[in-house]
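Chain naming follows the written order as A, B, C and D, and within any one chain the residues start at number 1.
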Amino acid sequence: MNDSRPIFIPVILGTPRQGRMSEHVANFVVDEVAKQDGVETELIDVRKVLLATDNAGQDIKDSQFSDTVNRADALILVAPEYNHGYPGVLKHLLDTNLKEYIHKAVGICGVSAGPFGGTRVIQNLLPVLRELGLVCIFWDGNFSTVQKTFDGSGKLLEQAYIRRLDKFFKELIWMAKVLRNGRENVSLT
Amino acid sequence: MNDSRPIFIPVILGTPRQGRMSEHVANFVVDEVAKQDGVETELIDVRKVLLATDNAGQDIKDSQFSDTVNRADALILVAPEYNHGYPGVLKHLLDTNLKEYIHKAVGICGVSAGPFGGTRVIQNLLPVLRELGLVCIFWDGNFSTVQKTFDGSGKLLEQAYIRRLDKFFKELIWMAKVLRNGRENVSLT
Amino acid sequence: MNDSRPIFIPVILGTPRQGRMSEHVANFVVDEVAKQDGVETELIDVRKVLLATDNAGQDIKDSQFSDTVNRADALILVAPEYNHGYPGVLKHLLDTNLKEYIHKAVGICGVSAGPFGGTRVIQNLLPVLRELGLVCIFWDGNFSTVQKTFDGSGKLLEQAYIRRLDKFFKELIWMAKVLRNGRENVSLT
Amino acid sequence: MNDSRPIFIPVILGTPRQGRMSEHVANFVVDEVAKQDGVETELIDVRKVLLATDNAGQDIKDSQFSDTVNRADALILVAPEYNHGYPGVLKHLLDTNLKEYIHKAVGICGVSAGPFGGTRVIQNLLPVLRELGLVCIFWDGNFSTVQKTFDGSGKLLEQAYIRRLDKFFKELIWMAKVLRNGRENVSLT
């Protein structure tokens, strides 16, 4: 398992709302994951993916998004909690692809205005991610009271978050490597 | 509790997709619920509600949808199962309102192409509906293999569904009446 | 709706584990709910309910537990979070009854050692409570880092919890009254 | 990845109830998984694991169960659906271990008396299995109307189930091999 190729982990910013604090989280996560050894990343902003709503599911995709997911080894979802569920626009985006996700790793960063770290949007996403064929790791990023965690310009105010993401990244990179090796070398007989 | 006013139960068709079979389910449910004693209904088609995606949550609403929910005593959601979750457009719509839902009843008709009656989209919606302040009843409508349950013109092919909705409607009407009485007569001291 | 009868709200302590911190939570909740106007309560400790595990479901019940639930207008579950789910013993107890729960209110106090207030055990319980016919209110009790919230003798160290339970109790009492009125006066036609 | 060692996949029969139909499912699954190339299996019956309920979590384990899970590459859970949740005894058993599960595969066979294949117990288990460190595959076994699927002696009456488990086994074996390779050869740096 000596594999020096980089691991590609795009970060999906999962809400298009005005004034979204999740944008600060996503930028922070992109910066931090980019510092990990052998990881490449990029930001996917749901605002910038062209999404028709009057389509018939997977038949109309944004080809750039599909291509990015296709090349990914893992995904990070930055998902604010709206009424204990996921943003509709994030789900609409996820539903446009299928085979692109299979046997890849995913980690979730839950974002909430309240004190509970977006745990409820994370729980709500789990069955969906499984059905997509993604493997959701068992560490999460939990961004509580996000309006106090970053200032208005997106500067992190609580340095503890850097250390907290450590195990999350380690586990995600491990799972991404393990599944890539599986996709390439283990047959589904 | 002699209350002769009608119960208003709008039906939300929860997907805008082309070729949506859920449209047949929604039309059928509207027809059937309209036959119940003292019930008024109307169809809310997510396709026809104007939804910006670049808003800031509840601050931009479709005023007609808000008004309809405001007047409702109960809602029926017709929700196809996409990757074991709810359609993004349905969630986006639900997230635009809040106080309009509180202490009202809701019933879910799950729709799936497979044999399991949309049970998984129903389970996925439960925490969201609770957080909105809705009371989800414990009977569901379960429309399995929907492409065989209706013909292309929307004609019901399995008459058993009429009888199966019976307990669902009775329970929903009961809960709608009970909660309306509560909203009007019991103070939240 | 002038109904001066008391509302009976038993509190279920949902774990039998040695060293259970949830016992402090349950005792605290019993004390606080007893202070509410017109509420009667008692503690149901899962340790003290005789439960066979080799039964066939509802056919062998603890008659005292059944009787208590039967007389209840609402329940409060004190549920520690074990691996993001509910304690097995709590579920085993809940599964022994059915018709006793129907159209009654329930509120959950989640308990966790970590900072997220037992939100995950709450989400995990929601579909079960619905299927039992209970109506779970949309306020919760969230007891985070419980080992710091109470001292070893069960004394509350964070007084803010008293105020935080206020809306939870108000909502639970409201729902208990509304559903009792429904059970007694609204027919399921 | 030329690895000729067998894959060990114990099957957990997740209910101790009298008259449990899940016993037939578990026996059937054990027989079928044993036919897969390079797989070893054994039945773990929750009835036969000694479980104290007055312990303090992981500190008192059944050493044989721990040892079996420790040696496992994957688990199959045979889980009947009780009130849309998992049996308490199954959860109680799962909660007694932790590090033994990490980075191993799991597949669920849901069992229900009704027509929906135990989908709701499966959804209810997902967050728990993730937290235990298990990776739940995205194929399930779905045993609907189980009382008609097996006769009283446990003989399978619907041969279609044999073929339906095919993809489930293939995926589980794939994931078990991929994760074993990961555990042994990929460091969590």
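Throughout what follows, a residue touches a chain if its C-beta (ideal position, glycine included) is under 8 Å from a C-beta of that chain, and two chains touch if they have at least 3 such contacts.
The shown structure was predicted, so the numbers you read here are calculated from the model rather than taken from an experiment.
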| item | value |
| --- | --- |
| C-D or A-C, whichever has more C-beta pairs in contact | C-D |
| For chain B paired with chain C, centre-to-centre distance based on mean C-alpha positions, whole Å | 29 |
| Where chain C and chain D are represented by their mean Cα positions, the distance between them in whole Å | 30 |
| Separation of mean Cα positions, chain C and chain A [Å, integer] | 35 |
| Multi-chain contact residues (two or more partners), chain A | 84, 120, 123-124, 127, 130-132 |
| Topology of the chain contact graph, where touching chains are joined (line, ring, star, complete, other) | complete |
| Sites on chain D touched by chain A in the complex | 1, 37, 123, 126-127, 130-133, 135-136, 138, 170-171, 173-175, 177-179, 181-182, 185-189 |
| In the complex, chain C residues that touch chain D | 16-19, 47, 53-57, 82-95, 98, 120, 123-125, 127-128, 130-132 |
| Sites on chain D touched by chain B in the complex | 84, 115-117, 119-120, 123-124, 142, 144 |
